[in-house]
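A short write-up of the structure that comes next.
Chain naming follows the written order as A, B, C and D, and within any one chain the residues start at number 1.
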Amino acid sequence: MKHAVDANLARLLITCPDRPGIIAKVTTFLKDHGANITDLDQHSTDPENGTFFMRLEFQTPHLDMSNQNLEQAFATQVAEPFKMQWQIHYAAKLKKMAIFVSKYDHAFLEILWRQARNELPLIIPFIISNHPDLKKAAEHFGVPYHHIPVTQNTKKEAEAKMLALCENQVDGIILARYMQILSEDFVSRYPNKIINIHHSFLPAFVGANPYQQAYDKGVKLIGATAHYVTQDLDMGPIIAQDVIRVSHRHSADKLRELGQDVERTVLARAVRAHLEDRIIVDGTKTVVFEQH
Amino acid sequence: MKHAVDANLARLLITCPDRPGIIAKVTTFLKDHGANITDLDQHSTDPENGTFFMRLEFQTPHLDMSNQNLEQAFATQVAEPFKMQWQIHYAAKLKKMAIFVSKYDHAFLEILWRQARNELPLIIPFIISNHPDLKKAAEHFGVPYHHIPVTQNTKKEAEAKMLALCENQVDGIILARYMQILSEDFVSRYPNKIINIHHSFLPAFVGANPYQQAYDKGVKLIGATAHYVTQDLDMGPIIAQDVIRVSHRHSADKLRELGQDVERTVLARAVRAHLEDRIIVDGTKTVVFEQH
Amino acid sequence: MKHAVDANLARLLITCPDRPGIIAKVTTFLKDHGANITDLDQHSTDPENGTFFMRLEFQTPHLDMSNQNLEQAFATQVAEPFKMQWQIHYAAKLKKMAIFVSKYDHAFLEILWRQARNELPLIIPFIISNHPDLKKAAEHFGVPYHHIPVTQNTKKEAEAKMLALCENQVDGIILARYMQILSEDFVSRYPNKIINIHHSFLPAFVGANPYQQAYDKGVKLIGATAHYVTQDLDMGPIIAQDVIRVSHRHSADKLRELGQDVERTVLARAVRAHLEDRIIVDGTKTVVFEQH
Amino acid sequence: MKHAVDANLARLLITCPDRPGIIAKVTTFLKDHGANITDLDQHSTDPENGTFFMRLEFQTPHLDMSNQNLEQAFATQVAEPFKMQWQIHYAAKLKKMAIFVSKYDHAFLEILWRQARNELPLIIPFIISNHPDLKKAAEHFGVPYHHIPVTQNTKKEAEAKMLALCENQVDGIILARYMQILSEDFVSRYPNKIINIHHSFLPAFVGANPYQQAYDKGVKLIGATAHYVTQDLDMGPIIAQDVIRVSHRHSADKLRELGQDVERTVLARAVRAHLEDRIIVDGTKTVVFEQH
């Protein structure tokens, strides 16, 4: 049940214009330097002139050079000729993500609980909330809790405090139902590193109290969407979605309760994909190389 | 596998203001007249001052009067005092529904096929289409096919033809991807009797080519919604919804193909609920007493 | 998100030979004594000579007599003439259930966590384990933890201790992966009150290490079954089941992890159905009146 | 909605002992001969000394030699040094599969219907049945129907007739609820080429009338398993599985009807995976590289 970290595991993510020979070049390079590939997932958007995406896992123990040198060699010998955008991540280096939360505890506790059970390979350096309510819950898990109130007047100042806490301390942020909108400036510092969760409906509902609207409309499914946060208010690239079946027997309150169940499941799935370096952002959308 | 019709089965649907004693009154009335209740599903929206909904199945062989007299007695002795809206349907009297279709055959064939296999207790007197394409498919199933082209100029006339065909011949209509908007006048003649199916997305997409939009946005779920057609262009009361999981590997075309799979499943489920008298329309929404 | 207990809510469960007039009799009785029925779910196994099952929710504030007197009147006036087996439960009186656990914490923590969040209307007076490992976790939730080791020689004595703890203190027991077999004597004291969870496979595997067997066989689904514990070793009446999709990419260990996810979801669903008095045991099987 | 065959598409399946450099070797070989890889899915069972599985799609228009010469070069230069088991399939060459059926038509019609709608890239040269019942249905689809009765005494002779029909005419066989057991000899001629579908339950039921047993046991899920047929009576390597939720409201007959719905869905999914060369058999199990 534990998510034991494989200390020898590295993950390579690549995006580039598709053309013949990319896989051969990458895998020959890795083989020549002693890397053993254990998983490779590749996708091209089109047989001709498409975009090439690849996620590749390899074992590092028999590398003939340091990780740093390997990355440098890869950059000049492989990545540049093919105009690649690429990243290498090492499973041994756990990602550090802060949790931002307001008052709803469902998504927040889901992440804390799964992290505590070693189901999410993650360090949570601290929690930031605009409310004091969940301080005790955070302490149960031994995670520092910073209460930073936000009002219209103090928003700038509050964000400065948050940034000061985050700087050099976190690789990303999980918005576990944080009910404040982050400024463009804040978001721009963590591109494709801030994960948000919100409810989703068929059809969509605009305005306040969407669960009441869903109830009034008699929807038969309610759902949730996890996505990366981008600068405009519109939803950023979608990472994961799911729905649950409901009926006329469910009150608006019960819809909200069921919606929260979906929200926490979908958020946990998105965070896991992020932590395992399964996601490549491609403009307004994502390629998610899921473990099926 | 066959959906044998139970010739002795009747179904009673009731909506009324909730107050104590409704179920006692209804069930005592039925018992006193020899009806044996075999299934009862009831729902109140609130413990106090809510709305009362009930679906009840009973057996008719030991009734002490004709169906017609029973209905009359029910109206005066039970329905009026409680201000009920109510209907009684007899399973032996199959509903007659026309299918309207354009060029897409997936939803159309699903209904024809299930009817042919006795999975849907339904008579299909004829098919109407604004295109000739599916004539041969209809003939395979032995169902008359009326090709009635529709242009902006001939719409009124075309609808008159359709109405003439439908009048006294059908109890309702299945829109199996019929790509014309029916006029208010047409719709008003079959209130809560016309079932439509369309694709649904999280989030919703407005405008042309929604599957391309869904692809561009990288959605992870695509779905379908079946609903009753109402006079305004907005979607009427939802009957059934479902979704299917998709990924970056699916092209816009493949999304369309998968979307059609969901559409036909959801349409068949909605039609079945309608045929089995499981649906009560409550303003803008439905109560669906599903067989779980 | 909270499962607020409705202090005025009572639930009536009935099993009896089917014949006309049962619902009329029950609902007239309740109405005459001031009970307002808010939900009724009824099922007969057959139109003729079947078995009748019913679950009914009613509001108690306007009863014209005490709960105790109502039950007495119901017994003589309704239940006896129709040869009913019946129970009335009051939502205000929370059920008290002990948790038995060994070393696996997934199902155990799921119940504790949901109870702590008021998602399960339940009192957990204490936990019993044959191992000391989960003591600290129990303390986090403020629930007493009794470590009672069990060996072949001490089993009888150990069970005597458990029974002494349970007597008059609990209404039932949740086996959250308790890896000891309870004796017939123990089980007989809590008929249809002990809920167990175990893994399930298609096909079923006998013997040790079923996840390894499932892996070796390349199954595409793994599942879990929650059931009431009966005296023979075979599985008792099934309450809830679910499965999850797996593939060749999942190691036997990963299958176990995913299996545990299903186990805790299914156990929670079964416990909730039990707490909400939704289950009638009918010989070797259950009727579960789910909230759809 | 149509499954247009990509005339330029080839698929390569490889199994071999894992060691560094396999992917580099294969992909360099293909690139050197003008093949453009558009999809690659790879799996190793273990980082050290595991088994290596790979499915790879490539485009053939720019190959620098004939398909046949490419295969020969691949065999000597790549496959032999790495001790590979391998196959190359060309999408343009549709597989020819016979359908064997008895009296149940659900799985049979599902395959015929999907093939007719170009959803399954497949040629069905003929149908063989031990009963005459489905002849007319087959004729609807324009597929020859051979009625070959089988009794205990005539089984050998009947199989000889079937083999004579199949020889050189089919690449494989779909058992769409064919209720006869094929002899070891017959099966041995189509290794991993005969696909069967049968019902599955949690727990499993042995003996006659499994749906009645499932009903008596009150199961909450019923399912289906599609698998390759092997020589012993036990189920061969599993290709696909699924389940559907049921309740006490479903009679044994209704369970059978729902079970047939799952059977036809699962069979179609397995056949599609087979036709798209997504399956590698690995001893008693399969690796299925699904299109997610």
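Following the convention adopted for this analysis, a contact is a pair of C-beta atoms (placed from the backbone, for glycine too) under 8 Å apart; a residue touches a chain by one contact, two chains touch by 3 or more.
This structure is a prediction, so every number in the text was calculated from the model and none was measured.
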{"item": "Length of the shortest touching-chain route, chain B through to chain D", "value": "1"}
{"item": "Angle (degrees, nearest 5) of the CA superposition of chain A onto chain C", "value": "180"}
{"item": "Most distant chain from chain C by Cα centroid", "value": "D"}
{"item": "Where chain A and chain D are represented by their mean Cα positions, the distance between them in whole Å", "value": "37"}
{"item": "Distance between chain centroids, defined by C-alpha means - chain A, chain B (Å)", "value": "41"}
{"item": "Residue numbers of chain C (touch at least two other chains)", "value": "43, 247, 249, 290, 292"}
{"item": "Touch list for chain C against partner chain B, complex", "value": "6, 8, 19-21, 23-24, 27-28, 30-31, 34-44, 47, 50, 59, 62, 290, 292"}
{"item": "Footprint of chain A on chain C - complex, ascending", "value": "1, 104-106, 109, 113, 117, 119, 140, 247, 249-250, 256-257, 260, 291-292"}
{"item": "In the complex with chain C, residue positions of chain D that touch it", "value": "43, 53, 200-204, 216-221, 223, 225, 235, 237-243, 247-249, 282, 284-288, 290"}
